[in-house]
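In the two complexes below, chain A is the common chain; its partner is chain B in one and chain C in the other.
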Partner chain A sequence: MPAIEARALSVGFRTERGVVQALSDASFAIERGETLVVIGESGSGKTVLAHALMRLLPRNVTLAGEVDLEGQPLLALPEDEMRRVRGRRMALIPQGAGSALNPVRRVGGLMLEMARVRGLGQGEAREALDGSLRELGLSFQQVAERYPHQLSGGMQQRVVNAMAMVGEPSVVIADEPTHGMDPELVDTTAEQLGMIARRGAALLVITHDLRLAERLGGRTALIYSSYIVELRDTAAFFSQPEHPYGRALLGALPEHGGVAIPGVSPELTQLPRACAFAPRCPARFEPCDEAVPPMFPLPGGGEARCYLHA
Partner chain B sequence: MIAVVGRRLLALPLILFAVALLVFLLAWASPYDPAEAYVQGAAAGDALTPELREQFERAWGLEDPMPVQFLSWLGRLVQGDLGESRYLSGAPVVDALKDRAYPSLVLLGSALGVVLVGALLAGVAAAAFRDSPLDWLIRTSAYAATFVPSFWVALLAVFVFAVQLDWLPAAGASNLRSVDGGRVEFRHLLLPMLTLALTQHGWFTLYVRDTLLEVLRDDYVRFAEAQGVGRVAVLFRHALPNALIPFVTLIGTHIPELIGGSILIESVFGWPGLGNLTRQAAIAVDIPLLLAIVLVGAVLVVLGNLIADLLYRVIDPRIRESMR
Partner chain C sequence: MLSAQGIERRYGRGHSQVRAVDGVSLDLRPGQRLAVVGRSGSGKSTLARVLALLEAPDAGSVSVDGTVVTAFGMRTPRPLRRAVQLIWQSPRLACDPRLRIREIVLEPLIANGLVGRARDERDQVVRHWAARLGIADELLERFPHEVSDGQLQRACLARSLALEPRYLICDEMSSMLDVSTQAALLEVVAEEQRRRDMGVLLVTHDHILADHWCHDRIELVDGRVKDARESASALSGR
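Up next is the complex of A and B:
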């Protein structure tokens, strides 16, 4: 049984300008110890995916589809049960560790509170936190009495990573974990994320950093305008993407010639009932404008949302 | 921390000097002629003859140039001599202030306490149940309390609770210190305290609500939620301490409002404090008394701001840090 599985998950936001379709028909499963990297440009729906899995969405949201955590359906859970799930079985590594730590609370108190929410006793919590911190090269004693602003960026990151490791959650979701980091810190963060997966959590990493995705390995889901358009082994994706958007995206990297993709992404309030990438696609043909393509299996494993692979 | 407190305290005499100068200039520039005011207020039928005026002006040093007047007033001020109050039949102003300060501090302090507790409860409730009927009710009453004139609320309170229901006395608190051995007459305190608190809580409540709503959108609050921290703990342990930091400064800046409000409230309820005395001194144009009261008010404002400023540094670890 996969640690987490999404089936036909869709997320829309009701706004004054109409419904913003932030995520459409997303299906994937992650086993324990496995990594899925979700990549895509800003506003493509990556973060919404992370928040939808944990049901951390505002009130004006409409959700469709299913999310199972170790076989247990999550979307129908009452809110207080969902809160227990969030605390004990899922963990979030937030974007920007610095702003995720409460500025007026000591780090030790914050960490202990979170660990107790995970169901650990007082002494147990301290020990578990110290264990996780030591795996990341710190100790509980080193950070406990400090306030978040007294820690370096790297230490803050280790603190939130250690929080995500405590209590062995089944699923760890990292939302842009390297956002705004210098290259050195990106390196250690990538290592630490790998460690979290090796310890047995299903790891979902949201990023727009293609190099980080490549380093993390596992599988990669490429998102374009709310749709997962390609879901494949990470190494295979980076050596030869199958969806025209994937090819165009990698072609836009400086080392591949830096060719910009013509046109712009469609408005999420007015997604076409057809392939969302078709207007910018060099391989566009008749079926592309007739219906939204489903995910087609690829010969070498994985799937792509493109009629070329029908 | 100690260095900052020290620096602030060193600046205090300078601020107080500036306050004294301003207060003096205010009196000097006022259209009232001290001698005329004195005579008109005194026994009816007296007329201000030129001889009488000259006598006053010599006695009070009014012939001297303004800076000399100021310096001699300041000199006596430093020695604790604020002159005599004609309104209080020639009693020293300092004694009058001493007598009246205690009831005023009791009223202001207890009202401020009620305001803070009430505003915290109402503000947190409004933010926690945002856009609910409760939120609407709290916001509406906070706005209403802010723009309804306080003397009107006071008169209404007297009418309802003292006259109609006869639950509490409308007035008649004695001079708490001299007559009652300093014991607060709680029965008498209740109505003016609650009225003052009611008319002053609006900004505080709205402020708590709005800051809390802002803080609830912050990353660390959302992170706590994502960690499965309960709603109540998120509100009180994660959001509220951050929302309280700016709230503390609001207390300091609101002390003048509170003092201003107490003038009307004390007058309506016949409270034997400085507020009531202010009105009486103003109507009687008792300039030495007025000068002294304004001075005391200004000192309270300065001290209030100082305390708020220091407190603010104590509760925010980021600022505490930068002061080491």
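Up next is the complex of A and C:
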């Protein structure tokens, strides 16, 4: 049984400008120990996907589809039960480790609180946290008495990562874990994320950093205008993307010529009932404008939302 | 040529004094794309601000096409300031949140006397640069908080390029943006670089970008130039 599975998950927000369709028909499963990297441009729906899995959504949301955590349906759970699930069995590594730590409390207290939420007793909590921190090159004693601002950015990141690991949650979701980081810090963060997966969590990493995605391995889901358009083995995707948007995106990397994709993505309030990438697509043909393509299986494994593969 | 000789910039006093830039000399030729790479804290952003005449160096001098501008202190005449424009990493911090995108692009043009008072003329100039940067017309009436980082950075680039600077300094211009937005912005910068022989200084921690987009590079370590070299792409005649 996968640690987490989404089936035909769609998320919309009712706003003054109309319904913003932030995620459309997303289906995927992640096993324990496996990594799924979600890439796409800002505004494509990546963060909404993470928040929908944890049901961290505002009141004006409309949800469709299903999310199962180890076989248990999440979307119908009452809020108090969902709170328990979210605290004990799921972990979120938010964007900007520094701002995720309460600035007026010592790091030790913050970490112990997280361990308690995950159901650990006083004694074992300290031991578990120390164990995770040591794997990341720190110790509980080193950071416990300090306030978050007294730690370097790299240390803050390790503290947040250790908090995500404690109590062995089934699912760890990292949202832009390397945003604004130095290349050196990106390297260590990538290693630490790999460690989280190796310890047995299902790891979902949201990023717009294509080089980070390639390093993390596992599988990659490429999102364009609220749709997953390609879902494949990461190495296969980066060696030869099958969706025309994937090809265009990799072509925008400086080492591949740095060619910009012509045009702009459609507003999420006005998504066409057709392929959302068609207006910018060099391979556009008749069926593209007739209906939203489903995910078609690819011969080498994986899927692409493109009629070229029908 | 935008030329820096022996630039030093120190912050703080006494024992806690930091030499952010510690004796850096460099030349940016018209039409050249020069990368300044280095880790955070290496002094590259401080150097960028000194070159853009936004901070006075503690020692050394900056000259623009032969005129020593540091001699003016912080009172550099506007035409000289206009010649060197800076694009910041965070467009949010670089834009007045109370101005519409149209006004953000227009303000320096008015300050430099480059547009008249006629509404039509002003509209035309703003629309021209918005189109060059791929900013949709309806976005011109929005405030910064109503557009994305990528769209706002396009507006910042429009604002600076509209002044037709001789030299453009991009300080981590695209490090927060998507690779496709980065490619779009750099395409416009490259067009201007070729069309008007504009010199571009690209400050970045992305070595791959520096190697592929720039002709030459210098590396800063602890405020000093560690490594200056001509990259292979200089030979490919970009």
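Methods note: the second predicted complex is superposed on the first by the 310 of 310 C-alpha atoms of A that agree within 3 Å, B and C clash if a C-alpha of one lies under 4 Å from a C-alpha of the other, contacts with A are read in each partner's own complex, and residues count from 1 in each chain.
Following the convention adopted for this analysis, contacts are C-beta pairs under 8 Å (C-beta built on N, C-alpha and C of every residue); 3 or more make two chains touch, one makes a residue touch a chain.
Predicted, not measured: the structure shown is a model, and the values here were computed from it.
Asker: Return first, second, both or neither, reflecting whether A:17 touches chain B, chain C, both chains, or no partner chain.
Answerer: Touch partners of A:17: none, neither chain B nor chain C.
Asker: Which partner chains sit in contact with A:88 here, chain B, chain C, both or neither? Use first/second/both/neither.
Answerer: first
Asker: Look at A:134 in the shared chain and tell me whether it touches chain B only, chain C only, both, or neither; answer first, second, both or neither.
Answerer: neither
Asker: In the superposed arrangement, does chain B or chain C reach more residues of chain A?
Answerer: Between chain B and chain C, B touches the greater number of residues in chain A.
Asker: Once the shared chain is lined up, is A:7 touching chain B (first), chain C (second), both, or neither of them?
Answerer: A:7 contacts neither chain B nor chain C.
Asker: Does chain B (first) or chain C (second) touch A:198, or do both, or does neither?
Answerer: Neither partner.
Asker: If you lay the two complexes on top of each other, which residues of chain A touch chain B in one and chain C in the other?
Answerer: none
Asker: Going by the contact rule at the top, pick out the chain A residues touching chain C in the complex.
Answerer: Touch list, chain A to chain C: 41-43, 179-180, 182-184, 208, 210-211, 248-249, 252-255, 258-261, 264.
Asker: Touching residues of chain C toward chain A in the complex: what are they?
Answerer: 39-40, 134, 136, 148-150, 175-184, 186-187, 205-209, 212-213
Asker: Residues of chain A touching chain B in their complex?
Answerer: Per the stated touch rule, the residues are 54, 56, 83-88, 91-92, 94-96, 99-105, 113-114, 117-118, 147, 149-150, 160, 163.
Asker: List the residues on chain B that touch chain A in their complex, please.
Answerer: Result: residues 218-231, 233, 237-238, 241-242, 245, 315-318, 321 of chain B touch chain A.
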